[in-house]
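In the two complexes below, chain A is the common chain; its partner is chain B in one and chain C in the other.
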Partner chain A sequence: MVNDSGQLYTIEGISAGLLMIVTAYLVVSSTTVLTPQDVHITDVQLEQLGNDALAMMDTRDSYEDERSPLQEYILNDDTTTFTQAFLLYCNSSTSVTDMDNLRFKSTINYYNRITKEQANYTYHMPAGYDYYRENAVIVNRWVYLENKPPGAPPDMDSGPQIVLLEVLLWRV
Partner chain B sequence: MAGLNDDAQWIILMGFVVSTIIFILALIVSQSALVGQTTSESVLEFSKGDIQDLRSEIIFLKELKQRGLLNDDTLLIYDLQNISMGRMTAVVEVDNWTDEDSRTDFIYIHFNDGITSYNETYEEYY
Partner chain C sequence: MKGKRSWLPDEEGQLSIDFIIGFTIFMISFIFVISMASGLLVGLQSRTIDYDAVAYRTSVVLVEDPGEPRDWHLLDLTIPADRDSLKRLGLSISRLSPGLLQQQKVDAFFNWDSSAGCTGTESLCYPDEYKEKLIFGDYPYSFNIALRKLNESTPLVVGGNYPPKHGYSRRVVKIKQPGAIMTMNITNPLYGVMKTTNISMEFSDLYGLINPLYRFDTLNERTIITIQNVTSIVNITSIPEVCVYPPEGGTPTCLYAPGSSPTILVKPGGGPPCTAFPCQIVNGTEIYIEEGFFSRIGLDEFSTIEIRIATDQNVFDAFPYDFNYYTATLAAPEPAVLEVRVW
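Presenting the complex of A and B:
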């Protein structure tokens, strides 16, 4: 003889289970909103890091120095040293051996005083294309140049001028 | 359905109460995520780095002039203004004047990128 006195418990069990599943779904779906927030916080940190690295490179080592290291790199078209220094500053971590994995592309924006237009040339381009999972940020630094770097485009003014070094920075 | 008793009603009631509480907590959690997002967005939009960089560059130009390494910075300020307009969509104004009586050099710096407006009158005694 089949006994149906447990029906109410079955119904309660099913409805409680449904409630738990719905609640879990709501909680999980509302916490996925966290993802864009995380991305923005990393962007802020990346931007700050890049700005600090550039500011550090654009500071003279002593008051007697004619130029900051950054000015020297750009004036002498020394892309290799610039790239090494910038990546070292950006990728340094608290560990001695483990480095962060940042890549960057830098362009120099200058103002053509004859055509009254602004132009730019690439200063450093990473070899090959990288996959990057996070957003890239742009950091800038004004750089004073006493004269035109030898490798600059011919339409760049030859006298003292201010250029804008633009660095597109991303984490690989 | 003989012998049905309602002793377990409070279990169902507690189930509803608990799930409602969890639901409200989930709402609060999602709100905090939104607050964090808007905060970091406004930090990103605030052009702190651009303003600090502009200041340091203009004060550096003044130092160059003081050391006699640069005669006139008019063209350099034009470079700065034009590139700011193009690359950062920011209006930059710079003005210099000297007050002989108080022996003070003034530099007026204005920066406006549509989100942040920054004005400063830098003073230096000579």
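Presenting the complex of A and C:
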């Protein structure tokens, strides 16, 4: 039968339950706060690596060179050498046998002379494109081109221009 | 009266004011303690993140900073005052050149000694100096820093074996190769007219190149003049002379290169240097100006000098040679990967 003789026990029970819930909430929230920061650090590392690779590819070997390797690759549509060089820079470690496993997709953003707006075309797409991951980063670099690459879309300006090379980079 | 009807209102189910106050104080204290406890947990669990951050910071100092002083690789670490003046270990060629390292700094950085008497050597003391001048922070971090040129298989390493869990940062860099090289073709004594020649160097022209990656940094890097086209027996009769022109022009002041390093060496065929003169030269003989020599004799970025080479044969034309960006070359920078591990 229901009566009021156990009220204090009931209140005690409810209080204890609340305490447990609050404690569990605080502990769980303290651990979940850490996870995004950890991921963020990883993102920074990947982004830094991609930026480093692009910067080094955009560094001429000699001051007498007319173009950097990166400019040459884009100007000549040489995606094969570009891919090899970029992956070599990104995947190499100080141990010859211990290579990282990064993949990337790159696009080139340019000024469309017909629509007067930004447009882009894919510069490199990996075979078996498998990007479904959250922890991908985008790195980019402005690249000066003296003229239009032969394989670029017809609406790209044919004269000197600056394009934005965008690389989506992720770890497999 | 006991046994009264339970549905009637009465005061038995109410809490006493003492209990409510006590319970409130307890709850506030408890929440406060729990809040503090979660803070402690954050501190404990953020250790990995901290390691990553320290590894990243260390890589940034190494790759994007030239160090303090910026030409620290020229310091004579056997002298205590020089060692003390080294404040920070950066490898970059300049503050505005992130990712572009200087080969001599790389060599000096990976020249370490863990023995007690390391302060009397040319080596950096491991691990103390690396912790004080690179890792920083009060926490006694351990570290492992490795660098490998992509065309080589063996890395340069400083630091011990690292545990499976550690902070990590990897950077891609290019290393400027020091030593502009000029090839000087001499002539057959039958056709030459001079036994002595001058190699002219205008430092203001050399330092006029803005990008430090391609600059002939003769004050801080070695400089090599290679003699080619040796077709007969030719001897260099004395140690090379350096003639320094005063800023306002006029007659230069000449001095012989000193006997101690840094100095100018004559290396027949690129081998061991001549210790006595006359010294016979062959194809590929190097006039090897050691790094720091020009600074040693007080030159700066605006100096004008001539290096005078005397032989016993008429192997030179009447015109002096010029050392500049048209006659000399610098090897291409070499790509490398740098890994920093901290735990």
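Quick notes on this structure:
As a convention for this text, the second predicted complex is superposed on the first by the 132 of 172 C-alpha atoms of A that agree within 3 Å, B and C clash if a C-alpha of one lies under 4 Å from a C-alpha of the other, contacts with A are read in each partner's own complex, and residues count from 1 in each chain.
As a convention for this text, a contact is a pair of C-beta atoms (placed from the backbone, for glycine too) under 8 Å apart; a residue touches a chain by one contact, two chains touch by 3 or more.
Keep in mind the model is a prediction, meaning the values are calculated, not measured.
Looking at the shared chain after the overlay, A:Y89 reaches chain C, while chain B stays out of its contact range.
In the superposition on chain A, A:D43 makes contact with chain B only, not with chain C.
Once chain A of one complex is fitted onto chain A of the other, the partner contacts of A:Q161 are limited to chain B, with no touch recorded for chain C. Applying the stated contact rule after C-alpha superposition, one finds that A:Q7 touches each of chain B and chain C. In the superposition on chain A, A:Y144 makes contact with chain B only, not with chain C. Of the two partner chains, both chain B and chain C are touched by A:T23. Judged by the touch definition given at the top, the superposed model places A:A136 against neither chain B nor chain C.
Looking at the shared chain after the overlay, A:S15 reaches both chain B and chain C.
After overlaying the two complexes on the shared chain, residue contacts for A:R113 are found with chain B alone; chain C is out of touch.
Shared contact residues on chain A (touching chain B in one structure, chain C in the other): 4, 7-8, 15, 19, 22-23, 26-27, 30-31, 33-34, 37, 41, 44, 48, 55. By the touch criterion given at the top, residues 1-4, 8, 11-12, 15-16, 19, 22-23, 25-27, 29-30, 33-34, 36-37, 40-41, 43-44, 49-50, 52-54, 56-57, 60-61, 64, 69-70, 75-76, 78-80, 82-83, 86-88 of chain B touch chain A in their complex.
Every residue of chain A that touches chain C in the complex is listed here, in rising order: 3-4, 7-8, 11, 15, 19, 22-23, 26-27, 29-31, 33-34, 37-38, 41-42, 44-45, 48-49, 52-53, 55-56, 59-63, 88-90, 92-96, 100.
Chain A meets chain B in the complex at residues 4-5, 7-9, 12, 15-16, 19-20, 22-23, 26-27, 30-31, 33-34, 36-37, 40-41, 43-44, 47-48, 51, 55, 58, 109-111, 113, 116, 118, 139-142, 144, 146, 159-164, 166. Contact residues of chain C toward chain A in the complex are 6, 12-13, 15, 23, 27, 30-31, 34-35, 37-39, 41-42, 45-46, 48-49, 52-53, 56, 98-100, 146-148, 150, 153, 155, 157, 168-174, 209, 211, 213-214, 325, 329-330, 332-333, 335, 337-339.
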